[in-house]
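Structures follow.
Both of the next two complexes hold subunit A, though its partner changes from subunit B to subunit C.
Presenting the complex of A and B:
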């Protein structure tokens, strides 16, 4: 059975309508199966001020199975792999329910950032550091946030460059415009058309 | 918008209502246009409320207006095909997606609205997955309110230790309180009838003892 497009569309519309939630979602390609979520680092944590991108893949069985989520932005957190962004969160595994949505899942990731669970780690090194010296963990996490989670990071660059190149612009030109637009495809197009 | 709307409006007016020569036709048309705008607003509002209604009665899994609606004992609404599929996926411990209360396939309550909700999508869903019929509704026997059998006192007193005496009062007062009584279950009615029978027998025996 194919993906329930109606539900995914409604979810995306709900996220777009609710500006206050602090999470957004972006469609990659035209199948609705690959999405990119974006969330802000929670306040009063080492992730404050950071912008975190999450790769979302929807199985055909969605919403009966959880969405596959992975951090694209590098994060230093006991429950997130520092190497590949894999997330250890129960609702993305056996505690998933079809009444949950992409929005609630992204909000749960935000909550996970503010309350790490070192007893059920994804990254053993980070978890050990968290338990042995909290201050060191906090400074590393803050440093990673400043280095990787700044707003100018360009996510899904290759796809965007290709999309713009398909409209008849050169690759170099597209890349430059995307950099200027902080990765926003539409704004980059406006730059190109205005120039 | 105004120019687009005006022309059909003027055309719609019957000849008798056409303004006489010399009077500019604008005021009537404007008034009508205003009316039309109000109509438009009203219908937009209706659409919004319809949308809200649809959200209220939409399935918690597919977010569409529930087709073959069923409600769990915890009160959450689903399409039967959606809930059935979820219960199949989640075989180890079946819970309600919204509140995680236990859900059993044959303990959901079907909802029968006025119109037969024939949705082609739900049909194809059903055929593909071979979803069985949703369970039928329970049909409890209606509660019969027979004024002769119903005592007039409250149910709690009757269930207390001295079941017979209040029943006696109930019998005497049955006209005084306007005949209103709380509806009783068939079991309680039966009990009341028995206790009254016992009372009559008892008083008969006492009368016999006194007289003979």
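Presenting the complex of A and C:
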């Protein structure tokens, strides 16, 4: 069965209408299966002032399976891979329910930034630092926020992904390289060709 | 002075609605009085069902969810899902 477009369209409209939630969503290309979510770093955390982008992919089975979400913006957090943005969050895995939505999932990511769960880490190095030296963790996380989480980071991202994909690379690969290159297309190409 | 009115013909018009508290299904987000995405006709072809936890969904929607899961839980409250038996001839008081 194809993706339930009616529900996804409603969800997107609902996010657009709700200006107070602090999360937004953008459609990538002309299908509704690839989206980019955006959330603000929560106050009183090392992520305060940052803007975080999330790559969202919807399977045909959505909402009966969770959306695939991954941070595009580099984040220093015990439950987010500092290497590839993979997220460890129960509702994106076995605790997903079709009563949840893209909005509630993005809000959960925001909540995850506020309350790390170092006992169930996605990034063991960050988790160890969090447990052994909280001040150091906070300072690194803050530094990463200042370096990577600014608003302009994904301007024209999809165009760059397309351009790289036209060279014969996969979308995932292109996104990954752009992420490592912090959005620099030239540098991303060099990563891909050098790899 | 009185009028005498003779009714020659009349059209009966009735409206129906599911007696469900929320107006949209929590799975497909379509109105209960409409169809789920794979339904063609509202009403008896797209029935609404209740769990014993009092949450309601389109039958097609909740079935698809339960079939995809090993544990049978309500999408809203995660309580064990059990279909609530319909009250024959009675008013369903859930809302």
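Keep in mind that, in the parts below, the second predicted complex is superposed on the first by the 156 of 195 C-alpha atoms of A that agree within 3 Å, B and C clash if a C-alpha of one lies under 4 Å from a C-alpha of the other, contacts with A are read in each partner's own complex, and residues count from 1 in each chain.
The definition used in the following text is that a residue touches a chain if its C-beta (ideal position, glycine included) is under 8 Å from a C-beta of that chain, and two chains touch if they have at least 3 such contacts.
Computed from a predicted structure; not experimentally measured.
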item: When subunit B and subunit C are modelled together on subunit A, clash or fit; value: clash
item: Partner chain(s) touched by A:29 [first = subunit B, second = subunit C, both, neither]; value: neither
item: Touching partner for A:6 - first (subunit B), second (subunit C), both, neither; value: both
item: First (subunit B), second (subunit C), both or neither touched by A:99; value: both
item: First, second, both or neither for A:64, with subunit B first and subunit C second; value: both
item: Which of subunit B and subunit C A:170 touches, first, second, both or neither; value: neither
item: Colliding stretch - subunit B into subunit C, listed as 22-30, 76-84 or 202-210; value: 76-84
item: Those residues of subunit A which subunit B touches in one complex and subunit C touches in the other; value: 1, 4, 6-7, 10-11, 61, 63-65, 97-99
item: List of subunit C residues in touch with subunit A within their complex; value: 26-30, 37-38, 61, 64-65, 68, 73, 75-76, 78
item: Of all residues in subunit A, those that touch subunit B in their complex; value: 1, 4, 6-7, 10-11, 61, 63-65, 97-100
item: Of subunit A, residues touching subunit C in the complex; value: 1, 4, 6-7, 10-11, 61, 63-65, 97-99
item: Complex interface listing, subunit B residues touching subunit A; value: 60-64, 82, 85-86, 89, 95, 97-98, 100, 128-129
